[in-house]
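By letter and in written order, the chains are A, B, C and D; residue numbering begins at 1 in each of them.
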Amino acid sequence: MPPAGIWIDGLVQSCIYMTMAFGMVLVFSILGILNWTHGQFYMLGAFVVYYAVTAAGIPFPLSLLVSGVIVGALGMLVEKFIIERLTGPGYGLLAVTAATMALIFFFEGAAGMAFGLMAKGMATTLPGVLDMGVFSISYQKIAVIIFTLIVMVAMYIVLNRTKIGKAIRATAQQPDAASLYGVNVGWVSLIVMGIGCALAAMAGGIMGPVQSVDPFMGRIPMIMSLLAIVIGGLGSLTGAIVGGIILGLLNSVIAYKISYLSEVVLFVLVIAILLIRPQGLFGAASK
Amino acid sequence: MIIGRLYIDQKSVVPKVVIGVVIALLAIVPLFTTSMVTLSTLISSGIWAVAVMGFILILRTGQFSMGQAAFMAIGGYVSAILTLNLGLSYYWLSFLASGVISGLIAFAIGLIVLRAGGTSFSIITIAFGEIVRIVALNWEDLTHGAAGILVKPPPPINIGNFEINFSLSLVPFYYFMILLVVASALFYWQIDRIRIGGTFRSVAANPVLAEHLGVHLMKYRVIAFTIAGVFTGFAGAYYVTFISVINPLIFDLWKSIQIMMMAIVGGPSLIVGGAIIGSTVLYSLGNYLSQLPVPNVQYVVFGAVVVLVLLFLPKGTGLVDLWGKFWRKVFREPEEYEIPGEFADDEEE
Amino acid sequence: MALLELNDITKFFGKLAAVEDIDLKVEKGEVLGIVGPNGSGKTTLINLISGYYKPTRGDIYFNGQKISGLRPDQIARLGIVRTFQSNVLFEGASVIESMMISSRLQYKTAEWQAFFNTRTYKDEQEKVVGNLLETLQLLDIFNETFRPAAALSHGYQRMLGIAAALAANPSVLMLDEPTTGMNHEEAMFVVENIKKINQRGITVLLIEHNMKVLLGVATRVVVLSFGNKIADGDPYEMMSKPEVIEAYLGTETV
Amino acid sequence: MIKKWYKVSSLLVAVVMVLTLLATACAAQQTPAPAQPTGPITINIGVPMPLSGTAAPWGQIPTPLREAFVQVLNKQGFQVNGQTYNLKLIQVDDENTPEGGSAAAKELIESDGCKFFAGHWSWNFSAIAAVTNPAKVIFLTRNGAPDALPASWGGGGAYDPKTMPYVVFGTPSQEEFLADCFALVDAFPNYKKIGLVDSSVSKGGPGWVAVGKALDAAGVRYASEWFAPGTTDFSPMLTRLNQEGCDIVFVAGWVGEYMAMLKQRYEMGYKNMKVACSGPFVSMDIYQAVVGVDAFEGAIGSYEAPWAFKKTQVNPSIIAQCQEAEQIAAQTTGAPYDYTGEFPWVPAHVEILTQAMQQAGTVSDPDAIMKAIRGGTFDTTAGKWTMSGAQTYGSPIVFGTPASLCSIQNGKEVYLSEHPMEPLP
């Protein structure tokens, strides 16, 4: 049985992958595409928080919201001007996949040019460690866990209690029927993309103090949340949450047990799940 | 539907005269310049073009593989390891083996992973590429880990009094690249033209109908994946010979994505033309930009070019279609000008 | 022995039976009409025969060989080819290209012969293309040979669907409502073509919603209602059977 | 008829256009005009460095100091056969990949006319050496990159003294690693166990077997761990090392990896665990910002300011040059310049090159210069080096730096211990 520190470490990873995967699945269920740039929105969010805290002096919790708004708006722009046009008639899935992948290079390069390639840190935000005797946990990691709980509850309320949330769920289930009942699918797509990117940005922002902020920080969360979705099942919100938790804990525990080959185990696991159960653990079976 | 337009009359887009002129011009490039920079840009572009052709062939069956760089890695490792253990005189045998083994692995992998099509397939190929990379990194006995294996240039070939020496200049590398590209281009072009090419496209265009017309979807997907594996393996083996080393960091996920980007920019509707145009444009551009004193500008431009090509060229058909349109406008009379795709456009607009 | 035999075929979707305990024999050379109101399981039946669905229960035999459980492409290669209810085409392909793709079952030469463009392959290709053009002529869409399939009118697209199925060299052709969305004249044109096809010795399984179309062409008719076979026999006799009328009228009044 | 003519003429236009394009491409490749004959002649030195991508900090951060050091040297220039020469560093991005290195080397040799390469830091030694060696370009590489070491040492075997006469081989990282370990033991004689952490890049090779043997022979207590490149989460590894009873962790990793370890052991409550790094601190500010002031306190790293060496003697005039360069770098960056790791790097290479040219009496004959370098003794920013690797790797030219450690106390680097470079047995 791994010690408590490993489980805490896994839990923090789970929180981030869960938040990222949730946004990605939300986008997938409405737009029908995987947003491969999700990790770069995470990175941009972290940069916004960094500059909001260090340069503008905005308090950390508020700057998380600021980064959510700014990067969410950026995500909406991407949806409006790129994704929407590339999912129109005559375009295949390849076009939009390639475009979001190209945006990975674009955003990483642009962030490198604008903010520099050096790592930046926010270690002064929430410094300190809570020592519980058997284990210890930094306040930054506690913040990550609390943040994820708040986000998940907020998303639950938004999706179940608000008008726009109901429209989103209706569109996810039956896009054609939803448009018949007066739901503007274009608007819903835009809002969902905004929410997804804002979630990624805030996840990046909350991880900023835990890790360092650099233009390439989004790559691992991106791949991991992608795997989380695949495990959980494409298009299933529950699946994204469960997949994120499984992956985060598993990653940590496997790394504790067998060290540097842990990634291979994860990838083999994903391949096995896809082959045995192509729809994922929680995905709806087709045909 | 996976890509925009699948059917373009090849003859009307790139006439044989132009192909001949281009090949002739490329063949005499070393007479004008033996500049290492120019030649190596052309050599690298050509090798990537071979890999891109493989990607487009798999695309023809409606799947996008994001692990093509892994097959380059396999080809590269096979040739490097065999040459290391057998001796340099077996270079060409190792080179052949690289394609064969890469193809065999593609066949085995294809049998397993092509059952999951679409997005799952893309993700599995990503995972496969990462596994290849991590295994190469950790299997020290065979791959020397991250240190990589030094790949020596092929031994000199003597034809009469004339010696082709790969270690003295890039010109033999250049001509062998032309040979490799022409050979694989001919193969892919012929495959795409004949019956099996039509079958591949039918699998992408309408799998259900194709299956009901007697096409075993899995079989043709695996065939395409295997063919791509063979040639991508050759490309990988030649690439590592050219840059003289193979290590696990050369062929990572981002190289697979790069292959895909080259296909998009060049235009996936033409298997040979699209691949060559795409790889040449993107590789030369990237190479030029990375020498500028502005760090990272190459990534920005790279990403922007792909998005702009997708947005502003009709239906994501890439540069090759632009060239085709220009060619038809200039050289063909209106009444001859009848290609299937045009009508489809008229209907939609 | 019947050419195609369905024994107690049942297909459940969840708990809902789309077709239940259907026994059916198709004789060589006949035009068998399968008729029934919407949702009576006609298309499900075709999907079962063509291998698109696997039956929950029961077996299908073709020439004495069990074909239930085979993949659609294996069944197509045995000679059972179907069309689809909607205009399913190869996107972007022209008429002749669609036909060429569909004709791959006619070739006996191997792919490598095609690759090297050998004499035998060339000869065979010439023959096949001849066949295809003849088929196009037979179905009166020869004039559209080089047009993009997507640019054809609805009627021609349906004809192309049939022509493509014919190109796959079937001995049994299953047509899934070939006259939907057509006026009477167009429908009669289709009926004439079906007759022509049948005269070539191809057994036709014709699914129709419209009884009138069947009267002109079918040699035998099977009536389905809610997944059950309720009648089987001569088309003109069918018209007067009370259960058939009830099945039709019942749905129409609802 | 008209149509045919139209076709032919357009084709001709196309051909002419392509030819013009090719001709311009060729013309662009012509070497630039020669420098003015009067005054000092400038010698270009190619510096292929990672300037973009994840490894960029290694190329970018030392740049101001590099430029400043050459600026200091150029004030007087150096004399060979009565002619005064100046140096110019031409830094090109090699993207830390073999392809990038190969392309950068070709660019530097052809477009910039570089006859010398120095300061290389990347994982692409073999790709660059494959370009420079046939072109008779003298290539000074810093640490033995993993691919450069002989295969018998677990490397890629790229460096072969017989076929690569124009490569000057830097210290293999194993020896620096070992020297650092001994310096750590010197500094903390009462340690319990050292946890050696290295990237799986160099895992298990014969070179590391030799390191293990040397550590065993010296009686050092240690435990080993490996991690995959790109790892960001070291908590599992630190937990294992803690369970094994290590109170010092020595990391041979990159900036990000080292910072992650410092921070994570602090967060996991292993406050007594000292974390040391094989490299120098890239920048105090970054470490404090990323790791946090508390967690950074007590961190151990290489300390390579020539004036702080206690056991290694450095020529005072070179120390003066270094200090001047540091001031210039501080002026250009607008902040105190604290990256001392640069001093035994490009400045040392430049010293070796200029002195070798003076000893050989030529700036253009690579064979004569290499003859002077081989076995020669040079006064550098990290002491006097004799370029003889007689005992190592079959290479006649290996140079290396002393292991000098510092630890962070109150946010400042404080000298800790020093251990001279010794070749592996």
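By our rule, a contact is a pair of C-beta atoms (placed from the backbone, for glycine too) under 8 Å apart; a residue touches a chain by one contact, two chains touch by 3 or more.
Computed from a predicted model, the values in this text were never measured in an experiment.
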Query raised in the report: So which has more C-beta pairs touching, B-D or A-D?
Result: B-D
Report summary line: Looking at Cα centroids only, farthest away from chain A lies chain C
**Report entry** Chain occupying the middle, per Cα centroid
**Finding:** B
**Report entry** Geometric centre distance via CA averages, chain D-chain B, whole Å
**Finding:** 35
Query raised in the report: Using the average of all C-alpha atoms in each chain as its centre, how far is it in Å between chain C and chain D?
Result: 73
Query raised in the report: What whole-Å value do you get for the distance between chain B and chain C if each is reduced to the mean of its CA atoms?
Result: 41
Report summary line: In chain B, the residues touching two or more other chains are 1, 5, 134, 138, 295-296, 298-299, 344
Query raised in the report: Of all the residues in chain A, which ones touch at least 2 other chains?
Result: 112, 117, 260-261, 263
**Report entry** Residue list for chain C, restricted to those that touch at least two other chains
**Finding:** none
Query raised in the report: Pairwise, which chains touch?
Result: A-B, A-D, B-C, B-D
Requested in this report: Flag every residue of chain A that touches chain D in the complex, lowest number first.
Outcome: 2-3, 5-6, 9, 13, 112, 117-124, 127-129, 131, 135-138, 140-141, 211-212, 214, 216, 220, 251-252, 255-256, 259-261, 263
Report task. Enumerate the contact residues on chain D facing chain A in the complex. Result -> 52-54, 56-57, 60-61, 200, 203, 225-228, 230-233, 235-237, 239-240, 243, 255-256, 259-260, 263, 266-269, 283, 286, 288-295
Query - Residues of chain A that touch chain B when the two form their complex - result: 34, 82, 85-86, 89-95, 97-99, 101-110, 112-113, 117, 215, 223, 226-227, 230, 234, 260-261, 263-264, 267-268, 270-271, 274-275, 278
Query raised in the report: Where on chain B does chain C make contact in their complex?
Result: 1, 5-7, 190-191, 194-196, 198-199, 201-202, 205-206, 208-217, 338, 340-344, 346-347
Query - Complex interface listing, chain B residues touching chain D - result: 17-18, 21, 25, 29, 32-33, 35-38, 40-41, 44, 134, 137-138, 140, 144-150, 167-168, 243-245, 247, 249-250, 287, 290-291, 295-296, 298-299, 330-331, 333
